[in-house]
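Next, two complexes with chain A in common: one pairs it with chain B, the other with chain C.
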Partner chain A sequence: MEDDFDQDVLLDVRRLSVTFAGGVRALRGVSFQVRAGEVVALVGESGSGKSTSGLAVMGLIERDRGAEVSGEIRLRGKDGDEKEITGLSERELRALRGNDVAMIFQEPMSSLNPIYAIGSQICEAIRIHRSVSRAEAARDAREALDLLGIPNPDRCMVSYPHQLSGGMRQRVMIAMALACRPRMLIADEPTTALDVTIQAQIIAHLKRLQRQTGMAILFITHNLGLVAEIADRAMVMYAGEIVESGPVADIFGAPRMPYTRALLQSLPRLGVTRASGTRIEAIPGNVPSSARWPSGCAFHPRCRYVVAGRCDASEPMLEACDTGRHRVRCLRWRELEKVAS
Partner chain B sequence: MSAAESGTVEEPLLQVERLRTWFPIRRGVIPRPVGAVKAVDDVSFTVHRREVLGLAGESGSGKTTIGRSILRLIEPTDGRVVFGGADVTALGRHELRLFRRKAQIVFQDPFAALDPVMTIEEILGEPLQVQGLAKGRQERRDRVVRLLESVSLSTDFLSRRPHEMSGGQRQRIVIARALAVEPEFIVADEPVSALDVSIQAQIINLLQDLRDRFKLAMLFISHDIAVMEYLSDRIAVIYLGRLMEIGPATEICRAPKHPYTLALLSAVPDPDPSRRRTRIVLEGDVPNPADPPSGCVFRTRCPYALPACAGERPALRPVGPDRFVACIRDDVL
Partner chain C sequence: MLTVVVRRLLLAVPNVILITVLLFFAVSGLLGSPAALMLGEDANRETIAELNASMGFDRPLIVQYLDWMGRALQGDFGRSYTTQERVADAILPRVLPTLELAFLAILVATLGATVLNSLAVGRRVVQPVIQILSVLGITMPNFMIGISLIFLFSVELGWLPSTGWSPWSDGVIAHFVHILMPVLTLSAFYFGSFSLVYRAEYEAVRRRLYVQVARAKGLSATGVSFKHVLPNSILPVITYIGISLGHLAGGAVVTESVFSVPGLGSLFVNAILGRDFPVMLAVSMFIIVGVVIANLLADLVYTLVNPQIRLD
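Showing the complex of A and B:
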């Protein structure tokens, strides 16, 4: 694994496993790093464990409800200190959240309080983390809204969540998350509930702010198109594991894992029509359930390159291929390279 | 528009003429209408036999309302819907039932569309019974088995209930149920949007196969224009209850003639990092359909808007074979 722990690494997750009550193994030994200023995408289908990974980094897995978290999640804070998230108390976590690492979710309505004006909610978030006056907090809140291209920030400050459209609410959430200038943002499907034209606006603002502030983003999504658009590096998840990771150009240009390849081929794209004679290739079968993962390679029941007695028997490791930054979890990736070319 | 399309010899299966579906807004102690949400406002198009027409638009564009108004699941306010020569808007209860044997709907959410307490055999047998299409239990079962086969599900599913199935399997059942009455026309309202990427492709290919096998015409409603280009013969682009552009799917996607279509296409994230396109990012939100802008409804977000766009509502003008666009700017695209 990536063992070199250099100064650039903001987040270092090692062998992270999460088991929910009832024995549902949502994550099975996930390891990855996020460097300062880097945009990393965690991409996968429902149940792949991508959201659980984000929640674990935020310390939001509820252990008191019987969930078990093992492994290490080390985060370098603003003060330069390294914190082990899995060992922090709720109080220490609260100091960390928003300040060092912030998170935005798919549905902004459920994250906003319906009975308070937008301005006071952002100010509250700022004043929890920074000892500033009410006036200063209001000024920063207004500026944060302005930065996200909200047309009339003053009016937005006195609006209530229900008065805003879905796109505006999501901008407010991002403004709130960024108001304390975290070094890292975890964005869990932030634009999935929005229309494509609104999604394009929000992604454009996120990219610009990321460049300006140099914050790192862990971008969680099921949308491969968005990954190509926003990320430097991508990690593909399947059945609670990372099955392929690497620079976005490698993942899309030369995918090694049969799952990644199949996923890319199953995607309808503009310009691909029936008239042009191309048929999109569907992946057979169903997304496996976390209650019972398949044996061996979790993708083997749906893989067109499966070898009985091998793929269902031994678990593949995440191995380095190509440049070394590209990693793949497949027993047959070397053989399949010849098939592909 | 039917006049302009008269080049085609065959009578269209479905003609939608100046369809309006307005929802009244009522206010006051004794509620009285104070205005209306113009969900669908003066939309006309045709669907030919065995043709798939894609209806593209974002949330609030009225695309779902159009689909439901055609089937009279929502009563249209004005306009005509002519199906196989008969005016659907004038049908009585009995005739409406006969119409629904020919025209069916597939909903987006396969979780909400199926009764959780019924078995799959009951779910698929019900429309056969309602429409009197199978005599006796044995014949009904035979037909249900054939329906399952047509959506590539085994007979193991007969006794199962919806909660025991995955999202993709449920959507297959929803499709099989629509096919049970052997319709000529299906309104497919976002049939793949709730599904995982790897499952989406299965259902898209299934719809493609069924369309060929059962000679179906389809109104394919989606916000995903890439899926739509793949499945549709023609595409109609809807914005704020109005038709912006209509024409052959490949043409619309390759060379859009309406600024909104261009913006919609350029907003689709491209899963190819080596291809970087110039993107038109629309500012602002979709206006309130209860108080739409005057003239062209898209002008408030249009990068090419002129003062004249606020004047008259732009009429559909022909811009090529079978292509029409509602935009007065003939000089930009």
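Showing the complex of A and C:
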């Protein structure tokens, strides 16, 4: 990696590959970095490997069920030590999960254990990593709920999950994830299951907390609108690989990879009516099966710029373009620059 | 909560009436004249008729039933035909051994099924062993398990007494040495069926998102199993306990006979063999009331485990 490596790097993933039992290659040599305090979006359709990337950073890929993980995941912990996650024992991973890196998930409705009160679930997260009394943990849990703008934290503490709305539960999940003040948060589609108005509230809270605490967020989403809203940098994933990455302005302003362009064109836009001739363009076809990716460029069967004998024959590399922080994985990006935009 | 309990107990009243009516009429029809039974085959007609009249057996059955029920509600269950002992006196000392046996059997079955299966899921050697034990427990008849245990631990190894009972007053160890095999015998079926129910639920629950969340907090695999998966998987087992209670009473009867436990079960078997009508009726009523109360308890436990469920 010639990417500038400095002390600020919190998470450094190198050539990460994950193969699940049955030969499903979910990730194929993914490399990226997240700096302290940075919000990086991981964008892609379902099945592209973005959630697997998040789980791998948490050390939650279940190897005992036949999953294979290769490559390196270096994470700088709260103590400043660098840990290589793929090489840690389960015991070491436990010390790290929730403490150095925490994760929030897509479904707030099923993320909380239905039989325990909210307070006890947050206290559990606190007491796993810090030897504090129950009373102290409860005080911190209440504070964490307060931080998320929950109207009546004392009542919330003794409520059960089924008594709360989806948006409230996702705030609880965030409070729980941040209870041990991790420097790295993985947010796996945290707002997908919520109403749009609630989505905006949750995003606003995440942005505010990110500014206040200076934590880094790896924001996994399929929603490009949210990317523009929250992220500094975006990485587009397709078929278990990163196909384009760069500052959000570059990705949105000058997308290089035909897949990214297609994604952006598939967004509905205000002010563009059917009468003017433009339609929302869907990307033809589906994400290929992860058991057998296409040869050459994985996107070539769906790409409108495909050149037979070239795109299906050789695999493109992730190359730097423009400023150098913008990278693209396409054999034809130089030629296409003239064609489009 | 209290009103629910009261309402459930009141609902049990017609249950008890219905079952005792059925029992009263069916058994009276089958047994024929109680006086003939008491006096034996050689008695002449006049003495039988005389006794029938003096004991009120010549009255219509419905009158006899109401008479019996009226006395039963005052704690008077009549006298045993065979021993002339007051039925209440015969039953009371036998209630505790049966209750203890049934309670311990359900406890052992529940703990065994939940804890062993929680530990075993995903382990290559342990899991099949527990599965085989579960299936054995379900398929082997109760008395056969009892006899097999006696053969192994009493006859071959000589570790445990084959039959008999030792009250608490003889010491805790002697008590448990005697109750161990009856408890294992009675619990075998429930261990097996609870295991099947529990394991299916456990497999489903451990795929839930909140289980992954618990792992993401940094909780150990055992902690996740016992704190998050087990309490959520145990609900169908509690339901199953409630359903099993009537069946359990039947199992206790057989088990007590095999091991000569001085409980309600062996009293009931002897009453049937001796056609001892008052004892049969009284024991049935005790068992019905016991099952109703235990069912209610199971429902109350259910609400304690799962805050989403309210009884009303």
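Operating definition for what follows: the second predicted complex is superposed on the first by the 332 of 341 C-alpha atoms of A that agree within 3 Å, B and C clash if a C-alpha of one lies under 4 Å from a C-alpha of the other, contacts with A are read in each partner's own complex, and residues count from 1 in each chain.
Everything below uses one rule, namely that contacts are C-beta pairs under 8 Å (C-beta built on N, C-alpha and C of every residue); 3 or more make two chains touch, one makes a residue touch a chain.
Note that the coordinates shown come from a computational prediction; the quantities given were computed from them, not determined experimentally.
With chain A as the common reference for superposition, the partners chain B and chain C occupy compatible, non-clashing space.
When the two structures are aligned on the shared chain, A:Lys338 is found in touch with neither chain B nor chain C. Shared-chain residue A:Arg97: touches chain C; no touch with chain B.
Within the superposed three-chain model, A:Ser110 lies in touch with chain C and out of touch with chain B [touch as defined at top]. With both structures placed on the common chain, the touch criterion links A:Met168 to chain B but leaves chain C unconnected. Residue contacts after overlaying the shared chain place A:His222 against chain B, while chain C stays out of touching range. The wider contact with chain A, measured as residues touched, comes from B rather than the other of chain B and chain C. When the two complexes are overlaid on their common chain A, residue A:Ala125 makes contact with chain C while staying clear of chain B.
Shared-chain residue A:Ser266: touches chain B; no touch with chain C. Our summary of the superposed model lists a minimum C-alpha distance of 7 Å between chain B and chain C. Looking at chain A, you'll find no residue that touches chain B in one structure and chain C in the other. Within the complex, the chain B residues that touch chain A are 58-59, 166, 168-169, 196-202, 204-205, 208, 223-227, 229-231, 249-250, 253-254, 263-274, 279, 281-286.
Contact residues of chain A toward chain B in the complex are 45-46, 149, 151, 165, 167-168, 195-201, 203-204, 222-229, 248-249, 252-253, 262-264, 266-276, 279-284, 286-287, 302.
Residues of chain C that touch chain A in their complex: 122, 208-210, 212-221, 227-228, 231-232, 305-308. Residue ranges of chain A in contact with chain C, taken from their complex: 58, 60, 64, 90, 94-99, 102-103, 105, 107, 110-115, 117, 124-125, 128-129, 160, 162, 173, 176.
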